[in-house]
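Next come two complexes, and both contain chain A; in the first it sits with chain B, in the second with chain C.
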Partner chain A sequence: MTPVHNKILFIGPMGAGKTTAIQTLSDDMAANTEVRNSNRDMYDKATTTVAMDYGAIQLDDEQLVHLYGIPGQKHFEAVWPVIAKGAIGAILLVNASQPDWQNDMLYFLNAFPQLVTSGSLVVAINRGSDQQQLQILELLSQQNLCLPVLLTDPRDRGQLVMTLEILIANLEIETLIHE
Partner chain B sequence: MNLSVKTFGFTPYEVELIKEQIRVTSNKTTGQWSFEGEGTDADLVLARVPCQGQHKVQVPLYGFPLPADRRQQDVVYLKSEWPLRIFGLLEIFRQAESVCTARTSLPASKPAESAELPATIQLAQQAARIKDGQSLSVEAADNRCYVRLFDGQRLVLSNLPIETLASRLVAANSLRFESVKHIDSQYRTVTPLKSLLWSMQLQQPVSANDIDNWNNKTHRLLAWPALGQYKTSSFMFRLCTLLTKQSTSIQNAARLANTSEDNVVRFLTACQLVGTPISSTESPARGLPDLAPKMTVNRPVTPPAEQQLSLLQSLRNKLRKALS
Partner chain C sequence: MNNVATPLISNTLRAACLERIKEAQSGSGGIEFLLLATSDGYSICHTIPASQDIQPSRLAAMAASFSGISDGLAANANKQSANGSIIETGHGLLVCRQIKSSRHELVLLAAYDKSTNHGLALWSLNNAAKQIANVLEHYN
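Our next item is the complex of A and B:
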């Protein structure tokens, strides 16, 4: 049987809410590799992910959707492609209350060009406003990018489900138009 | 020659952008163009939604041509593309100047009779006219709501949930509008006007005329609508995905998004009303597929179609179950 590639990636800088989002969506307790944050100058939170986060959504006895979260700090950039391999889509989480959050977003878009050009990426703004959502749409347009942008609270399952629904729609359309 | 230009139905951000473009072109035109804000009484109106009013020239930037029966006979309609570029704007000014020069020697013509417009368009037009701090009372049968311009954003105040309000306004034969000075602040829902227009448009009956507006052309969304602010469903996600990837006819969009042509027309019009840029081009040929060249980028690993679609359906079902 052909293996089914069903990996969804959560990307974004440290403190964006990736670990929380995976925990919110997973059926069971998600696995994480949180350690004490030794770089509180960059982002003031107690712990941070150093390897990756993992969670899963069980569809039936045989099928699982795997949720992987990358470590957000840029010095882990070398492992991002390894974790991203085979992903069918990604959710880019950005914390809009952080300084330089727009540049952070562009940095991650550049780091995952394959997902961006295929449209398999949703930008989820955490702690953002309607105005910031419009700013991001404008910023993407200036970069000649056309991606969905949503205001998302990573603790809110309903909002995360909407981001997954958009990824599903993208995959359905990609599958149909390339058939 | 002193000439006035106004915008109609744009977002505050877009208005600022146009204002800046007009400033840049100010010393490159024969006439003296002055920007006078949002409205329909000016020599030239740049319209993002269909509108009528006292103007000589209109540039419809809403992506589809207005049928002849809804056009004002004494207004000259100029074609241009949205988003506007500096050279496009200069060309508009040049043509509008010749129209206005020619008109100054003619007697004023009778104002055209107002054509009956759908409730959603009526509301969009009336709401676009209100100024900061002003309020508009909207009455349909026994239902009343208010639109208020506050801090650059048009808000709807109502005692009804937004979806119920949308259905009642659409169901009413006509809406009554009245400018009011004071409104009670005790309202259960305060929603952006765009959310109401979106919901109304998606419930609006689709006429043959509406289909004609979008037919024989292919359409492409140049940006995603600000989802999350509007009521959405799976077919809309598929339409957004498809229409941002390639320019597509309404027939093909309906087939690929697994929905009806009416829904595609409703969706496209709703996108227009909330200011999502759409590019429409004349369809080169009939038949399917009318798709633009396929993307040649490296795509993520894609399993066989059937297997993929079944997985996606299972995932969607699972997500819905989890939320119910």
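Our next item is the complex of A and C:
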């Protein structure tokens, strides 16, 4: 059987763990577009993604998932729709150890309204606690949103696969509801 | 839009780069504007006329993305890293040239009018890039 090809997006601010997550998940070496970070005042990280990350994972015999990561810095916002084209869903990664991470999450939810309103998005909290997970659920509820929120370590393949499978299961349910 | 200044680029260096791109534009016909950005997408200087409806910060980010993609494409095609890339449009060429020194990684973007051919565009942009590279060697 020819596998179904799906495109999933990794979104979130710089330093959330998108590049790491795609490298961890990808069956083969992931492609990235990292360059030297010239703005260390804003985020103390040696490199930053400027265009996209790309990897792929064969989830099962029937499904090959293409993984695309956006450049997280807000000045790349014009590039986001280019990378997002054709994506059926997204994992929004946020790093709970960063200042203002909750507002960052809201910013990215607003930046991808179609994925949010269609329920095609999962929030994955990196370096977060159970309490922070509850805070996010509450914050989403205040926005009238009901999205899965998971604690996810972008270095842990098992956790990432589970997050991906939850997103895909959610997408299948949403499709059934709207059929 | 993020307008945070780039701390690794001093004002002296920024001014010297602006001077060089102005010279490059005036010394070569067909250049509509030049824009110099960091490889992570921050505008350093440009010659975009204020009358044009173009956002330099947006263009700087997209030029950096384009160069990043070019590098990735070159590496995945076993061509090592990219030196530059060209976009052909119905209204003229857009050419990106990467400039690297020990301290800085920059992208120089040039927009050419419809009458400028590939050879002339590459020749003039290479000259401008050499001038910028010289500046990078002598300033912070």
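We take it that the second predicted complex is superposed on the first by the 167 of 179 C-alpha atoms of A that agree within 3 Å, B and C clash if a C-alpha of one lies under 4 Å from a C-alpha of the other, contacts with A are read in each partner's own complex, and residues count from 1 in each chain.
Note that a contact is a pair of C-beta atoms (placed from the backbone, for glycine too) under 8 Å apart; a residue touches a chain by one contact, two chains touch by 3 or more.
Keep in mind it's a predicted model, so treat the numbers as computed, not measured.
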item: Fit or clash between chain C and chain B when superposed on chain A; value: fit
item: Which of chain B and chain C A:Val94 touches, first, second, both or neither; value: neither
item: Which superposed partner A:Ala56 touches (first chain B, second chain C, both, neither); value: neither
item: Touching partner for A:Leu134 - first (chain B), second (chain C), both, neither; value: first
item: Chain C, chain A and chain B - angle at the middle CA centre, rounded to the nearest 10 degrees; value: 160
item: Contacts of A:Lys74 with chain B and chain C, given as first, second, both or neither; value: second
item: First, second, both or neither for A:Gln114, with chain B first and chain C second; value: first
item: Touch count on chain A, higher of chain B and chain C; value: B
item: Overlay on chain A, chain C to chain B nearest C-alpha distance, Å; value: 25
item: In the complex, chain A residues that touch chain B; value: 2-6, 57-60, 63, 65, 86-89, 114-115, 117-120, 130, 133-134, 137-138, 140-141, 146-152, 157-159, 161-162, 164-166, 168-179
item: Chain C contact footprint on chain A (complex, rising order); value: 31-42, 48-52, 71, 73-79
item: Residue ranges of chain C in contact with chain A within the complex; value: 1-2, 4, 6-9, 38-42, 57-58, 60-62, 64-69, 71-72, 76, 104-105
item: Chain B residues within the chain A interface of the complex; value: 11, 13, 192, 221-224, 226-229, 232, 234, 237-238, 240-242, 244-246, 256-257, 291, 294-295, 297-305, 307-309, 311-312, 314-316, 318-319, 322-323
